[in-house]
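Per-chain numbering from 1; labels A, B and C assigned in written order.
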Amino acid sequence: MTTIYSSATEMAQALSKKDISSVELTKLHLDRIEAVDGKVHAFLHVDSQGAIAQATAVDAKRAAGEKLSPLAGVPLALKDILAQKGVPTTAGSKILQDWRPPYDSTVVAKLKAAGVVILGKTNMDEFAMGSSTENSAYGTTQNPWDLTRTPGGSSGGSAAAVAAFQAPLAIGTDTGGSIRQPAALTGIVGVKPTYGGVSRYGVVAYSSSLDQVGPFARTVLDTALLHEAIAGHDERDSTSINAPVPQVVAAAKKLDVKGMKIGVIKELGGTGFQAGVSQRFNEALELLVAGGAQIVEVSCPNFEYALAAYYLIAPSEASSNLARFDSMRYGLRVGDDGSKGAEEVMSITREAGFGKEVKRRIILGTYALSSGYYDAYYGSAQKVRTLVKQDFEKAFAQVDVLVSPVTPTTAFKIGEKSNDPVAMYLSDIATIPVNMAGIGGMSLPVGLAPEDGLPVGMQIMAPVMQDDRFYRVGGALEAALLSKWGKPLLSNIPELGGM
Amino acid sequence: MAAISRDDVAHLAKLARVEMTPDELDHMATELEDILGAVKRVQEVATAEIAPTSHPLAMTNIFREDVVRPSLTNEEALSGAPAKAEDRFKVPQILGEE
Amino acid sequence: MTLDYAGATTKYEPTLGLEVHVELNTKSKMFCGCATEFGAEPNTQTCPVCLGLPGALPVVNAKAIESSILIGLALNCSIAPYSRFARKNYFYPDMPKNFQTSQFDEPICVNGYLDVEIQTDEGQKVFRVEIERVHMEEDTGKSLHVGGATGRIHGAEYSLLDYNRAGIPLVEIVTRIVPGTGKYAPQVARAYVTELRDILRSLGVSDVKMEQGSLRCDANVSLAPIGSGKLGTRSETKNVNSLRSVERAVSGEIERQANRLEAGERIIQETRHFLEESGQTRPGRSKEQAEDYRYFPEPDLVPVTPDAKWIEELGTRIPEKPSVRRKRLQTQWNCPDKEMESLVNAELLDVVEETIKLGAEPTRARTWWLGEISRLANEKEVAPTSLITSKDVAEIIALIVGGDLTDKLARQVVEGVISGEGSASSVIEKRGLKVVSDDSALMTAIEAAIAAQPDTAERIRGGNIPAAGALIGAVMKATGGAADAAKVRELLLKHLGRG
C-alpha cells in the first residue's frame, strides 16, 4: 500500500498502476503537513489549492491515457527561493514579504511540465545565507530527528520536509553546502549538481557563480529521478551547460562499484571532526571496499583556504545581487511618509527588511569589492578559487570520485552557534570546495553517530558533468547499507505524532 | 591591517544603502574585523602568478538571436509594486536628479 | 572684466574629451527579448530580466555584439579577442538592478581614431580624434516627476518610473583627450560628433536621433594657460541634444572656465548640464564623495571572444567612410559645395547616387531630387524617397535627355507616379504624355495658330522674329505642352520663310 513513507519511485509506480490517484496522494501529504508542521516548521507557505489543482490535472491526463513523465503526480516541496508564478516567494526575507512573482523559474516550469505536484514553499535562511535556517525571517525549522536541533541550512525546510515525510521530494539550492549539509543533518539524500547542470533562471540569486539548484529525496534513485526532471540546458541562463544531462538514473540503478577508484581527501577529516562522524564515514568506506572499490588517500592542500575565499566571494556577489531590493518595484517599502526622498526610503527599507546576517554579508561584500581593497580581498579569493580547482583536477587525475564527511559534526542545537558567525561558517568547511570548483556532489546518509544518535552524511564528489559517478557510488553504498541495517535509516526517526 | 572603524562601516553602509544606528555601526565594526581577520588568510597563498578564477565554467560566447519575445503586460509588470500610478511605478521623490 | 570667447582662447588652451552614448537599433533589448520600440505605452516592454525581478538572468543579444564590433572596426579600433561584462554598482531608482551591466577594464574595442576636417583661418585642417574604447552597456528606465510648483525635481512630490527603455543596448564611445585644437575646440567637437553620427548611420546600427536620445554626447572640457604644458581640471557637460549644442556647450564651457580662472577661482571637477536656451551650463548633481562603483566581472554572463574569421567577415561590411564618400561623389558629379550640403542635410545622397548609377545625368538627378520631388515631399510632410523610386526618376531623366519629355511633361509624370498611377512608363502611356515630334501633327497646329493670328504671322514674315514667341506659345498650348518648343520654332519660321 502506498503511504507517505513510500519512496517517490514506489509512489510513481502506484500512480501509474492507478492504485492511488495523485489527488489522494497529495491529500495524504497535505494532511501530514497539517499534522506535523506545527512542530517542524518546514513550510512557509502551503499551496493546498494549487497542489490539488495540479494533481487533478495529472489524474485527468492519466485517465485520458496521455503519456506522462516518470514523476507525474508525485508531490514535492519547493525551497522558497525559486520563483513560482502567483505563489508567495520570499527567499526567507521580510523584504520580499507577500511578493508573488509574475513568472515561473525554469525549474518550476520543468516540474510543472513533468506533472510534479508542488505542495508549497519551504523555509530557509534568508537569501540562503546560513547553515541552520535560524536566519529565516519567519522562524527556525526544527530537525525532525530532535526538535531542539537545527536541520541545517540554508535549505533546511526542504530537507526537514522530506525527513518528516511531508514530501517525498524537495528542491533546494546549494551555494556552499546548502543542500548537502541539511541532507546530512536530517539523514536524507541531497545532490548539488555540476554548476550549470540545472538552470538558475528564476532562482533568487545569492552568489551567482556558486549557486546551484538540486534535488532532495529519501533514496538515491528518487534523487536521480528528480535530478533528471530538473536538469538540462536553458537558453535563459547564460551559464547553463549545453550538453546532455548525465545518465544519473541509470547510474543510480547500477548498484556496483567494482573497480572504481575512490579518493579520501586527507584534509577533510580527522581533527575537528566529531568521533561518531568519522566512525560512520570509515565504516562506509569499508563497505565500498567490500564492494570491490579501491580506496586511495589524496591531498588537497589548498582546501584550507577555501572557506576564507568563499566568505569573500559569496558576500561580494551577494552585495550586488541584493542591491535590487530597494522598495521601488516590488517587495517591502518602509518609511514612505511623503516627506522622504527615494534614496532615504531605500535605506530605511533595507535596514528594516534585511536580517542581521544578510546585512553583515552585504557590508562585508561591499568592503571586499571597494576600491583599494578589491585586489587584497576579492582578487585574492579568486586566486584561491584557481588553487582549489587545481587541487580537484590533480585529485581526479588519480581517482573516479572523491569522498569526505559532509559536515564536521551532526546536527547542532538551535541557538548554539547563532551568535558566533565564524563558528557557524565552519560547518560548511567540507562542502564549500565543491562550489568553488563548480563540480557536483552528493550527501548520502551513512548511519547515526553513536554518541548522539543523529544522522551522519558522506559526501561523494565527481568531476564537472560526471554527476552519474556519485549516483553510481551512492546507489551501491545505499544498497550495501540497507542490507547491513535491514531497514532504512529514516525508520529510526522519532514519531512526530499526527498520522 | 588597520582596524575597521565606525566611520568605515558608516561609509560602507551608505554605499550599500542600509540605514544603521550608531550602536549597529559599532557592533558591525567589531564583527567585520573578526570576519576579516579570518578571511584575510586568502592573501597567504594568492601570489601574483596565479590567475584569478571568477567563474567555475570556461564557457564563452553565449548569445541569443535578436528576436522579440512577449513582454509582461503592464498589469503583470506592476503587480508587485508597492505603489503605482498612471501605468508606472510610483516611488518617493527622486532627489538630486540631474 | 569678463573675457569673451576670443579672449578666453587667446589666454587659455582648451583640452577636449568626448563620450558618446549610442542606442543600438536592435529589435530586442541587450539582455532580454523585450521590444525596443520608441514611444510605447509605459511598462509594456518589460519582463523579469529588464525589471530586475528576483531570479531573472541576462542573455546577451548577438546583434548588439555584432553592431559593437562594426562600430569598432569603422573607428579603426582593435577588437579585443577577449572581453567581459562587469557590474557597475550604484543605486538609482531608474536602474532596476541597482547595478548597470557594463564593461569595465575589458571593453570590446580599443585604440581607434577618427579624423575630422574643419575650416580654419588657414584653410581646411584635419584633426585626429583618438578613440580610447568602445564598450557595451544597457540603458536605464525613465523617470517622470509629479507635483511641486515648478515641475522641477526638487519640488516633486513623487516620481513615476517607466522601464521600457531599461535594458536597451547602448554603446559608449570614449575619446582620449584631444589636445591642440586651440580655439577650434567647439568646431572639432561638433565635427567629431557629426562624422560619428554619419558613420553610425552608414553602418545601420542606430537611429542616431539626438532629439530622441538615441545619440547622446557628454563633453569634457578643461583649460590650461597657453604654453603651460599642463592639463586643467575638467568638467563634464551632459544633456547636449543636438550637433549645434555640442559646439555651443564646448564654447560656453571654455568661456565659463576662463572667467573663473581669471577671477582666481578653482575649477571643480563636476558634472554640468547644458541649457539649450542660454547656451550656458549649470552644475548638476553634486556628489559628496566620488562614487565607488565596485566593478567586478558579471558572474551571470560569460566572456565574449569573437573569432578572427567573424571579425574579418564583419570587416567586409564596413562601408566607405561618409566623409570620403561625400568628397568622391562631389568630385564625380562636379557638384557645388552648397548643393552638396543640401543633399547631405536632406539625406538624399544615397538616392541621388542610385539614380545616377541607373544612367541619369548627375546635374539633372540632383536637381530633380532637391527640387520638384523635395517640394512635393515637403507639401506632404514625408521623405522624398518615400514618394518615388530612383528607377522612375532615372527613366524620366533619360526621356527628357532623349527629347521624349519636356520638363513640363516630366513634372506631370512625376505627379502621376506619386499619386499612385504606376511606374513612370505606365503613367506616360496612360496619360499619353509623349512629346509630339511628328512634323505633320505639329504643322497642323502651326497652321491653325497662323490662321488665328494672321497679323502676327505677317510681322514675322516681315522680319520681326521675336514675335514668333506668341505663335509658339499658342502651339504649345494647343498640344498641351507635348511639343518640343525648339522644334515648333524651327518649323514655324521655315513655314513663314524665315527658317
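Keep in mind that, in the parts below, a contact is a pair of C-beta atoms (placed from the backbone, for glycine too) under 8 Å apart; a residue touches a chain by one contact, two chains touch by 3 or more.
Fair warning: this is a prediction, and the values are worked out from it, not measured in the lab.
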Of the pairs A-C and B-C, which shows more C-beta pairs in contact?
B-C
At the largest C-alpha centroid distance from chain C we find chain A
So how far apart, in whole Å, are chain A and chain B when each is placed at the average of its C-alpha atoms?
24
Taking the mean of the CA coordinates per chain, how far is chain A from chain C in Å?
56
Geometric centre distance via CA averages, chain C-chain B, whole Å:
40
Any chance you could list the residues of chain B touching two or more other chains?
15, 17, 54-55, 57, 59, 62, 64, 72, 77, 80, 89, 91-96
Find every residue in chain A that makes contact with two or more other chains and list them.
99, 101-103, 209, 235, 238-239, 319, 323, 326, 328-330, 338, 342-343, 346, 366, 370
Among the residues of chain C, which ones contact at least 2 other chains?
47-48, 51, 53, 59-60, 91, 93, 157, 159, 161, 292, 294, 296, 299, 301-302
Which residues, counting only chain A, touch chain C once they are in their complex?
82-83, 89, 91, 96, 99, 101-103, 105, 200-205, 207-209, 235-239, 316-317, 319-320, 323-326, 328-330, 338, 342-343, 346, 366, 369-371, 374, 378
Which of the residues in chain B come into contact with chain C in the complex?
15, 17, 54-55, 57, 59-74, 77-78, 80, 85-98
Chain B touches which residues of chain A in the complex?
99-103, 195-196, 209-210, 235, 238-239, 241, 302, 305, 308-309, 311-312, 319, 323, 326-333, 336, 338, 340-348, 350-351, 354, 359-360, 362-364, 366-367, 370, 376-377, 379-387, 389, 421-422, 425, 436-438, 464
Could you please specify the touching residues of chain C with respect to chain A in the complex?
47-48, 51-60, 87, 89, 91, 93, 96-99, 157, 159, 161, 292, 294-296, 299-302
So in the complex, which bits of chain B are touching chain A?
8-9, 12-13, 15-20, 28, 31-32, 34-36, 38-47, 50-57, 59, 62, 64, 72, 76-77, 79-83, 89, 91-96
